[in-house]
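One chain, chain A, links the two complexes that follow: it is found with chain B in the first and with chain C in the second.
Up next, the complex of A and B:
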């Protein structure tokens, strides 16, 4: 099982959203990290055959996915960043509807829908209309519909956006349980979503893949870039403006700053053990500030 | 009361049980077990949960997911058309004019349903499914085409039974409907997702006003009804409007995946 991207590019009138990406994906969970505007959603839409690339191709097991068409979508599960619903649909009817579009027979669809509602913890809500659901419940329903056809490729675009921490942990556990013998690509700008479940992290910036590797390996790239400093609390605000501060913790009259910097930011700064979040901030601090 | 078959089955069951109890359990080698499980896993993988459904079956399945409101409005429209047809016969011209006015409204119901994927932001999910957005839109168009054919047939049968001429009904109901639907399809292909909701209704109102004007012109010159109802003229109008509708339907469906090629992000943040 292999998904290969060959110089994949997407150019809009004013923007180069995806810039010549070469990538080979095999079985496993891949976390696609990047700030807003990095090109993650555009990349995922091309992988789902929703958008045509400007140039480049995508191959699944050696076959061009655009030529495969229906055959490719048959083994695909996709959860978009923002998805709607038909207001009169209950959770159960929604899954049956998507199952019909995925070509699942009626009886199998009923069994599969019930099975997935149970797995995602929505069995008791199956007859409730989706418009009454909370954000977390909708996302769980979203992952359930993505799994209906037992996909070999699972593409999840910012699946935990808007969820509280408890829901995010639940979601991560669900993904982990579903990920056996699949290619799972999960995009996020929340580092903790992928830090614990991803086999490999793909870092995307300005349409390009700038980094790739296992979480613990690429985290080491931030070695020597993370510093902890104690400063006067009155001056903390100034330092936050001046430096790339990953964390700020009050300790009485002092504030402990976690600074990401190529060089030692100040006298007394101690080198700290980097985390994936530090690496993310190192690459995306300007974009995050812009948000 | 036991019958002969039951006795036979019980005897057979006993024999099987005795045979199994007399056998020794095989020793399960780990390697053999692993190979068997791997074989089962591969076999299971080759049986996919999805299957290829005949097109007709897919269309019928989608009928169950059309919004109930669409069918209710369709039913209300049929009632309105029935009421119009049952107006006293000495107001024949007014009845025919009213049929022309109602003709554009039929398309609003169907096309609102076709564009619902965009209105309710389901298009992305549906586009990634095996039977994608283009196929889904095609199925919805077919369903409402079938419903509209029934409505037209109903109007024809009702109108004929009430003494209206077939050519009058075709000229004042079918042709306006086909041409109005063609206009909607052209606008849908041109403006895509923006052509829904109030925009679609606005277009319907304009089409209605247009047909009111045409009807008034025709009513003021009754000889026009006669000329336009001639077989050759009527056939021409029907063939042209039906061909136009078909061509624009194909154009709309063909272009459905080319949406937003030039527009970055479809308006989202990434």
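Up next, the complex of A and C:
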């Protein structure tokens, strides 16, 4: 199974949202990291064939997805960034509706809907109207609808938005258990969501794929960029302004700073073991500061 | 597909405003039926006393039956002679249906005959067959009520069907639909079929109830009478022989045809507009706009293809029949019906194309 992107480009008037992306995706979980506006959502929409690329093509097992049409959508599961729903529908009815759109038979749809409601922890709420759901519950329902047709390609745009830590853990386990022999692409800017479950991390910036690799491999690339230093608490603010600070912890009169920097930021700074989050901050510190 | 249609049909009925609009139509229809039903009828007996309700209808039918059939100058004069008020202050209206109609067209202010023949009053009338008179209050009320309530029915259709596609854009559910296997084809058709089912269910149901109600109230008497002969001066521009029963049939075709054309317009706008509100505004403009074109010398043939003119019916029925080589005439109503079928077809083709190709943002 292979999903191939060939010089995929999307331009909105003056803005180049996705810039000539070449990519081969095989079975596995891919974490798409990038700041807001990096082009993740546009890329995912093009992968779902709900936005036309300005140029470039997408092939699934050598076939152009736009020509595959229904055949491609049959193996696709998608959770959009802003998951839309019908407030008056119950969770169960909503899943049955989506199942009918996905061409799942009535009886199978009922069984699958109940199974997924159980998996995402909404079984007890199946008869409740979606308008009464919390953000996390809606998001779980969104994940369930994406998995209804047991898709071979699962595309999840910010799937953990609105989930509490416990729900996030549950979601990660769910994706892990689901991902065998499938292509799962999930975008996020919450690094921990993909750190443990992604087979490969794709880093997007300004519409381009600037980095890719297994989490442990690309994390190692940040070796020598992360420093821990103890500074006088009164001077901490000055360092935060000056350096790309990933973490800040008070320890009495001192403050422990975790600084991401190409060079040793000060005397006494100790090189620290990098994490994926450090790498993310290395690439996106300016964007994050901007937000 | 059936299941999808069921879901889409349910989505249309999920909105409370749809129930409110249906309730308004029922209340309006009920009020009009009450006002134009048997209970609202009055007639004056030869001795000057007024009778009401069923008694007035029976009397009216009896008077009309004496003059029923082809309307001649002789009958006109006899009617004026028999029923003209004898006192100066007496009203010319509310005497009986037959006299009211004749006095309205052929009576002078003093109740005397104006000297005009039947065809003099209806200069557009071209048919070889002469006009026929009979009691027709039930038929006339039926047609009038249909016209007025169908105009309101148009608002209901606009309100109920505007969100069919555009609400998916607003809610963000378009992304879910368009990435589902049947989202770009069968689902769109299901939405369109459900919308037409709604139109047929609501419009057809209302018209059926109204028809049954009137036939139970007034019966079928007078169905053979000429539609031009009524005391509300309705349909007087119809240039060919048209009985009330034929007019009712044509009106039903126009009302249902108009509903289908309006549904097609609303569906197309809904697939184009990004929000239900914009769709409603655009649909109302498309629906009400042609109402004002009547003053601008737009040909009636063109106007008649607009839903609101279909609902008004009178202008369309006034378009002369089209004659084929064999001399058989065809009413323009059938052109409207054919256009309605075409509009339905266009809404299926274009609606699907627009929604399926819509770029999710």
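Everything that follows uses one rule, which is that the second predicted complex is superposed on the first by the 291 of 291 C-alpha atoms of A that agree within 3 Å, B and C clash if a C-alpha of one lies under 4 Å from a C-alpha of the other, contacts with A are read in each partner's own complex, and residues count from 1 in each chain.
Operating definition for what follows: a residue touches a chain if its C-beta (ideal position, glycine included) is under 8 Å from a C-beta of that chain, and two chains touch if they have at least 3 such contacts.
The model shown is predicted, which means the values in this text are computed figures rather than measured ones.
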*asked:* Please determine, from the superposition on chain A, whether chain B and chain C clash or fit.
replied: clash
_Partner chain(s) touched by A:59 [first = chain B, second = chain C, both, neither]_ = neither
_chain B versus chain C as contact partner of A:97, first or second or both or neither_ = both
*Scan A:40 for contacts with chain B and chain C and give back first, second, both or neither.*
first
*In the superposed arrangement, which partner chain does A:13 touch: chain B (first), chain C (second), both, or neither?*
first
*Considering only the touch criterion stated at the top, classify A:150 as touching first (chain B), second (chain C), both, or neither.*
first
*Counting only touches as set out at the top, which of chain B and chain C does A:112 meet: first, second, both, neither?*
first
*Does chain A have more residues touched by chain B or by chain C?*
B
*Please state which segment of chain B collides with chain C in the superposed model; the candidates are 7-15, 25-33, 43-51 or 115-123.*
115-123
_From the superposed pair, tell me which chain A residues show up as contacts to chain B and also as contacts to chain C._
45, 48-52, 70, 73-74, 76, 78, 80, 82-86, 88, 97-98, 100-103, 106, 145, 149
*Mind listing the chain B positions that touch chain A in their complex?*
48-53, 58, 61-62, 65, 67-69, 116, 120-122, 124-132, 136, 257-258, 260-265, 268-270
*asked:* Under the stated contact criterion, what part of chain C meets chain A in this complex?
replied: 3-4, 7, 11, 14, 168, 171-185, 187, 359-361
*Within their complex, state which residues of chain A touch chain B.*
12-15, 17, 36-42, 45, 48-52, 70, 73-76, 78, 80-88, 93, 97-98, 100-106, 108, 112, 145, 148-150, 158
*Mind listing the chain A positions that touch chain C in their complex?*
45, 48-52, 69-70, 73-74, 76, 78, 80, 82-86, 88, 96-98, 100-103, 106, 145, 149
